[in-house]
Structure formats: C-alpha cells, structure tokens
Amino acid sequence: MPATLAQLGQIADATVRGNPELRISGAAGIRNAREGEIALVVDASYVPLVPRTAASALLVATDFDPASTQLPLLVAEEPAEAFDRVAAHLHPDPPPAEPGIHETAVVAPDALLGAEVAIHAHCVVESGARVGAHTVLRPGVFVGRDAVIGEYCLLHPHVAVLDRCTLGDRVVLHAGVVIGADGYGYETRDGVHYKIPQRGIVEVGDDVEIGANTTVDRARYGRTVVGSGTKIDDLVMVAHNVVVGDHSLLIAQCGIAGSTALGHHVTVAAQAGIVGHIEIGDQAIVGAQAGVVRDVPPGQIVLGSPAQDLARERRALVVHQRLPDLAKRVRALATAVEQLQQRINHLECGAEDRP
Amino acid sequence: MPATLAQLGQIADATVRGNPELRISGAAGIRNAREGEIALVVDASYVPLVPRTAASALLVATDFDPASTQLPLLVAEEPAEAFDRVAAHLHPDPPPAEPGIHETAVVAPDALLGAEVAIHAHCVVESGARVGAHTVLRPGVFVGRDAVIGEYCLLHPHVAVLDRCTLGDRVVLHAGVVIGADGYGYETRDGVHYKIPQRGIVEVGDDVEIGANTTVDRARYGRTVVGSGTKIDDLVMVAHNVVVGDHSLLIAQCGIAGSTALGHHVTVAAQAGIVGHIEIGDQAIVGAQAGVVRDVPPGQIVLGSPAQDLARERRALVVHQRLPDLAKRVRALATAVEQLQQRINHLECGAEDRP
Amino acid sequence: MPATLAQLGQIADATVRGNPELRISGAAGIRNAREGEIALVVDASYVPLVPRTAASALLVATDFDPASTQLPLLVAEEPAEAFDRVAAHLHPDPPPAEPGIHETAVVAPDALLGAEVAIHAHCVVESGARVGAHTVLRPGVFVGRDAVIGEYCLLHPHVAVLDRCTLGDRVVLHAGVVIGADGYGYETRDGVHYKIPQRGIVEVGDDVEIGANTTVDRARYGRTVVGSGTKIDDLVMVAHNVVVGDHSLLIAQCGIAGSTALGHHVTVAAQAGIVGHIEIGDQAIVGAQAGVVRDVPPGQIVLGSPAQDLARERRALVVHQRLPDLAKRVRALATAVEQLQQRINHLECGAEDRP
C-alpha cells in the first residue's frame, strides 16, 4: 500500500527530512531499490552504497550525516525496527485465508478437520488424517492416510505429508516439501538390492519451518524427528531415523545421513553433509560445505571435509592456499641441504687429511 | 497394530522374558524409542545404549546378558530378522490401493490403461500415454503425452513423468520426482544463450526406486538411462544423456553431469559430483562429496575433489589436517639449515686460515 | 516420425552411402544408440566409438573414412547442424498446446488472462494474478495472488509461482520449480528463532529458463532478481535478495546465499556455493564445488573451497594430491639436517681441538 513520506514517518516514529508529500511505493534493499522505493541504511557499512542507490528515499539512523546525500530521509532511533514497520505498511501481509473446503479438494469422509481450517483447491486429505484448527492447506497439498497436521499450520502449494507422519502446531512447510518419503534402505544379496521396508514415520515438532523442496524421509522403524523450533532451508535432505533437536538451523542444500542425532541449537551451514550414525552435540556449528564423519562435541565449530575443529581447519586452509609456495620452499631446502652435505664432505676430507 | 509381548514372541519365534501381557504399541530405534515401544539390540555395539533407552521392551540376541537390564526381553536367534517381523506386525503395510480411476483424475481418451490400475485424485494422464497393469498413481501424478509406465509401479504424490519417457516394471518414484525435464543445453552466440532442443527421453529400467524431489533430465538425442535395479536417493540430479548402469546406487544430493556413463553396481555417495562425458567403471565407488573429473576404472574407489584413489586421498587428507604442523616444521628446517650454513661458513673460514 | 535414409539425406542435405531404403526410427548418441537409430560422429574424437555402436546408421563429416565402418552413412558438410535437422524430423516438437482453460482449472474471477493462454488441468490462478498472452500452464501449476506471468511463457507441471512474484516473457520453468517461497530469515532471542517476515518478491526477467525443482526465494524487502537471458539448471537454490545478472548460467545443485549480487554473464558451475552479501563480477566463472567467500572481480575464474584464483588453486591441488610425498620429503630433510648437525658438531670439536 503506497504512502507519503510523512505517513511513513509517523508509522516509523521517525523525523522526516525532505518533501513530506513524496509518494513511496515500496521498501527495498539499498543495492537494488528502484525509483519510488525507500531503502534502509542500517549501519555505517551501508553508507558507501548511498551514492549508488536508485531509491527515492532512505531510512537512516540518527548518526547518519544528512549532508552526505540529496535524498529525502526518515531519521529513526532504531532504524531496523522502524524499517520493518514501514515495510509492513507498504507490503502488508496477505489477508488470512478464508476458512472452508474448496469444492475441488478431496477429503476422506473419515478425516478429522479442526475448526476454521482452510483447504484449498485440489488438496487431498486421505482416510484417517487429521488437520488441526486454523490450519491452511494451500492448493495441491497432499495429506496421506492417518497423517496428523497440528493447529495454525500453513502448508504451501504442492506439499506432501505422507501416511502417518505428524506435524505439531504452527508448522510452516514451503512449496514442494516432502515429509515421509521412504528412507533409502536396501539389503544387497548377489548384487541385487532388496528394499528394506520403511515402517516408521516423520515427526515434526511445533513452530518448525521447512523450506521449498526439502525432503525429510520416514524412519525404518520408529521416527525421524525434527525438533520444535527448528528452521530448515530449501533443498535440504534429512534421511531416515535422523533426530534433529529443538531450535536447530539447517541451511540450504545440506544433508544429514541416516540415524544421525543432532542436539538442540545445532547449526548446519549450506551444502554441508553429515554421515550417518553419529552425534552432533548441542549448539555445535557445522561450517558450509563441511563433511562431518565423526561425532562433534557440544559447542564445537567444525569445518572442512573431513571436518575438523574450525581453528585447525582454518590454519590448514591458509597453508593449503599457499601449498605451491610450501612445495617450492621444500625444494629449495633440499637443494640447500645437498650443498651443505657437499661442503661438509669437503671439510671432512680436509680434516682427515690433516695429521 | 498393537500386540502383547507374548504375541510378538510368537511372531518373532523368540523367547519371552518378563511380563507376557505387556502391551507394545510400536517398534522403534533404541535411541529414540518411547514408552510402549520395543527396540532392537542388534549387536554388542548397541549394548551401551540399553541403560538410556526409553523403550518398554527389547528384542535381543541369545548372547545378550539378561542381567544387564530390567526391561522385558524377546530373545531371538536372528534378532534383525525377528525384529522385521515384529515391526511388520506392529506397523503393517497399508492396504493395497483400490483399483479404479478417481473422478477428479483427467485421463486422455486415447491413453492405454492396464488391468487393475489405480489412478488417484487430480492425476493427469495425457494423450497416448500407457500405464501398465496394477500400477498405482497417487494423487497429483502427471504422466505426459506418449509416456509409458510399466506394470506394478508406484508413483507417489506429485510425481511428473514427462512426454515420451518410459518406466519399466515395479518402479517406485517418490513424491516430487521429475523424470524428463529438458536437459541443460545452450549454444551461446554474441553473449546470448540459445536453447538446444532436447528431443530425447528418459528410459528407466525395471525395479528402479527414485527418492523424493530427484530430477532425471531427458536426453538431447536418444535417451538418458537409469538401469534396472538401480536405486536413487532424494534430491539427486541426473543430467541429460547420462547412462546409469544396472544395480547402481546414487545417494542423496549427488549429481551426474551430461553424457557421463556409469557401469553396473556403481556407488555414488552423498553430495558427490561427476563431470560430464566420462566413464565410471563397473563396481566403482565414488566417495561422499567427491568431485570426479576423469574416468574411474572398474572397481576403483575414489575420494576428494578432484577425486583420486581412496588410499592416496586418505593419506593426503591426513597430511592436510596437519598442514600447519608441516608448515611449522618446514620453517624450523629452514632456520636449522641457515644456522648450519653459518656454522659451515665459519668452519670453512677456519680451514682456509690454516696453512 | 520414422524415415528412410534417403529421406533423411534430403532433410540433412547429405550424401547417402548404403541402402537408401533403410528405415530409421530415431536419433541417438553414439554410445547408447540402438538398432534402427542413427548416431552422429561429430568429430574425430568419436571415431573410436564407431566399432562399438549399436546404431544402424551414422551421420558423419566429409573427412570421415567410409572404409572404417560397414554402417550406412549420411555424409554432411556441417554434421552437427545436419543432425539437428534429422533429429527434429525423427522427434518432432509436440504440437502447440491448444488455447483454453481446462474445466478442472481454478482461475479467480479477477485474474487477467491474455489472448490464447492455455491453462491445463488442475491449475490454480489466484486473485489478481495475470497470465500473459500465449502462455501455457501445464497441469497442476500454481500462480499465487497478484503474481504476474509474461507472454509466451511455458510453465511445466507442478510449478509454483507464489504471490506477487513476476516473470517476464518467454520464461520456461521446468516441473517442480518454486518461485517465491519465503527467504530464510530469523531473529534469535533467548535461543528461540523468530521469523523475519519476507515481504519482497522474486522478479524473473525475459528469456529465462529454470530447471526442475529449483527454488528461488522471495526477498525480505524489495526483490530477488533473475536477470533476462539467464539459464538455471535443476535443484539450484537462489536465496532471498540475491541479484543474478543477465545472461548468467547457474549449473545444477549450486547455491547462492542471501543478498549476493552476480553480474552479467557469470557462470556458477555445479554444486558450487557462494556466501551471502558479496559481489561476483561480470563474466566471472565459479568452478564446480567451489565455495566462494569473498568478492570475485569481473572475469576472474575461481576454484576451491574457500575459492581462490583458478591457477593458484590448481597448483595447490596438484600439491595436495602429492601431500604424502611432500610430508615424506620433509621428514627426509629433517633427518638429513640432523645428520649434518652431528657432522658439523664433530668438525667443530675437531677445530676446537686444534691448537
């Protein structure tokens, strides 16, 4: 919803410098803001970007030098928070989904639906499934037989929650997420891989958010667990029987192999991989692209593939980047040692010659 | 389906120790079993986990020391196999899908459907496509024009098999799998990338299983092949014109670039990548996170990025992790050599001084 | 559409050698062509494959030695281009989609549809959305509230373009692509991660093609941008507020973290990762599996994790692969230096002894 600079100043509890009638159509990052938009100068590191921005106004902190730009300004005590309010006004949340079941949705007669659920077009809710009150299933969501979705959940288009899997309350699954595909388990006899039935489920706690096209596989027995408060990014792979503790963060494209257990408040950075059957302690951090092959104690930060303690790996990487120099130095040393050997040979001959 | 310990003992052909009337509601892994569940102590390595488990009963081997726990036990000769039977009883397979075409499915009049197919809600089967007998398309599956699905296949929700691609018999595709998106091919002229038409198909053999959200692209010409008996995990990317031999294993998040050929019984571990236009020999193994840039002979195991023979790479990784020590040792050697040089200079001067 | 060799010779403007009545059913790569198919010998590097091919005919250049095979040949001046024409005849493009809205599609009454759009079964177009003329939405596509799709776009099955995101003209999105899932942003207070609203959009330029199951997240504010002419492969992850310049190439399974800006004609190879908040200059190339942690100047080629200049990293990798040898050499030098020290000690003692 567009607004004048004066209106945004009121919303942001900020002082207006410049034309109060200037019409602002949106909020954007300073790097790619466009004409008509307002951008945030969150701290001094953004000041060099000011001359290059195409924004029509800036929201700045009180210590910003107003002489450094011609742009109209909103000056706020807490600029980040003020900008959130401005952005919320310019780009309001969509209206809440109307409760109700779309006529094209296919809901089994024995599915249990809570109060005020919204089930959009082309959703399927199979027999025995439960959908908690106030939950929204956007178009094309699949909820399998006997699956359980908690209250106030939001399942984006084309999400699949397969048979018997469970979600807690206030869970957000982004488009294309698959909860409860079979774990990858085979027994090989005479070169043929026979499927090991995957009879378990996935159990997702409360307040979990999972990014687009991420997959969490069902357990062989028991359950694959995503703890409450944990946030998972896009295209992450969580294998069967993994336990992810509460309040952990799994960043884009990382993968956790089967039966590994993560504690609470663990961070796994982008594109990292963790082998199966190990334990990652509480509050441990696995660096981007790391490959973790053994247990990580609580609180440790690891990096590299195979991963080791951050400080060690960083030093190793510094040396790695200079490996050609190191190799050259070793070659030079070898030459120097050879020369020394010849000189000593010579000296020793002289010493022997002496009577 | 819950059961008493006595009933499970009969099912497992196991001896019951403890209350035979104990009611068991599920089977689970020993690490995250809950009250009411039975867990497996498959071998001695699991014994340390026994005191910490929340399971209400254990299934153990005959050499398990019953004095080591208070928990009721099922004692079996072949515990892994016995536990499979117990789990199958507690968590039975879902009933087979009822044959039939859901009223919301859209099936082209000229599509050929085998006997007893089940086509669930919101599926689309386009013109000229064939679906073999006893195959199940779960909700939201898309089968493109002239595609061929074999018999006894199971396509999970939201799978897409695009035009003209073919699946053999007994193929399982998990939710979100895409078979036959266009390969990534462009010709660049004057900085503009022009699409190279991708006219080929994907051909998937018999008894293949493919994990959630994996993509297998169609060939530029001819076919991208996934051989019979091959099992692919979640979020794997198989590019155009790749040939994956029979009975191979592609683990989560690995990727195979265009026109590369894998032999039979090849294993590609998680997050590994293989460049295009090379050959990976039969029974070769590519380690996790490896980056393979040249042919791998049959049977070889490779690791690292760029990948090399496992033994060599392992030794290199041991040195890598100690690189700071190595660099320090080289610096110390340089100092030592310098000192030697000075001492020899001194000795040589002395030698010259002598008459 | 099958053809005789003579017909294909006409189509390809090529000379026929061998039986002109031979019936050809398809075009394929020389490695996995089958009986009845024609394969291309594009240059001399393919000649060794000729004796092993199962193709029934070959299309070759004028300098191909016809005595080297028994197979019937088409001989062409420009074999690659000729083969394209042959393949286009054997595997013609599918007929264009019939315009119209399928009866099972759910299109909001206030959505704006251009001329000749084709909206297939089970699509959903929400309120306020616009779909440009001649655009095709294949089955199960979701277009969110106020989203804008340009003209002549092709959205494959199960694509999701979420609320307010925009696509230019002639955009191709392959199956399972998700445009506009929320960016991954949380503020952590007392160990609890609170969602930062993601109020921005994704803006995709003209002539963009995006591969299967790739995800491009919406901006926190403003927009995540995919520039015109850019081509993205399968399973790529583009995070919130990223700007990808025009005519760039993002290859399979690579990932770009939040707020990073890529110039035009940038190439990011497979499985590479780029951290957030940095800049990758025009025409830079990021090698496969690289991990980029700082700005890359225009035109630079980087490799490794952390990435550095290609030439440096290549030299480092050569040394890396020989690290055990280097370590052994350092050990040998240490021994040599020790021996020298002892010999010098001895010489120095002798020198002192002398009067």
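To keep things simple, chains are lettered A, B and C as they appear, and every chain counts its residues starting from 1.
By definition in this document, a contact is a pair of C-beta atoms (placed from the backbone, for glycine too) under 8 Å apart; a residue touches a chain by one contact, two chains touch by 3 or more.
Everything numeric here is computed off the predicted structure, so don't read it as measured data.
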item	value
Interface residue identity across copies chain A, chain C - same or different by half	different
For chain B placed onto chain C, the superposition rotation in degrees, Cα atoms, nearest 5	120
CA centroid of chain A to CA centroid of chain C, Å	22
Two or more partner chains touched - positions in chain B	104, 122, 140, 158, 176, 213, 235, 253, 271, 289, 320, 326, 330, 333, 337, 340, 344, 347
In the complex with chain B, residue positions of chain A that touch it	104, 106, 122, 124, 140, 142, 144-145, 158, 160, 162-163, 176, 178, 181-182, 184, 186, 191-193, 195, 197, 199-200, 213, 215, 217, 219-223, 225, 235, 237, 239, 241, 243, 253, 255, 257, 259, 261, 271, 273, 275, 289, 291, 304-306, 308, 312-313, 315-316, 318-320, 326, 329-330, 333, 336-337, 340, 343-344, 347, 350, 354
Residues of chain B touching chain A in the complex	26-29, 31-33, 37, 39-40, 83-84, 87-88, 90-91, 93-94, 102, 104, 120-122, 138-140, 156-158, 172, 174-176, 209, 211-213, 229, 231, 233-235, 247, 249, 251-253, 265, 270-271, 288-289, 317, 320-324, 326-327, 330, 333-334, 337, 340-341, 344, 347-348, 351, 354
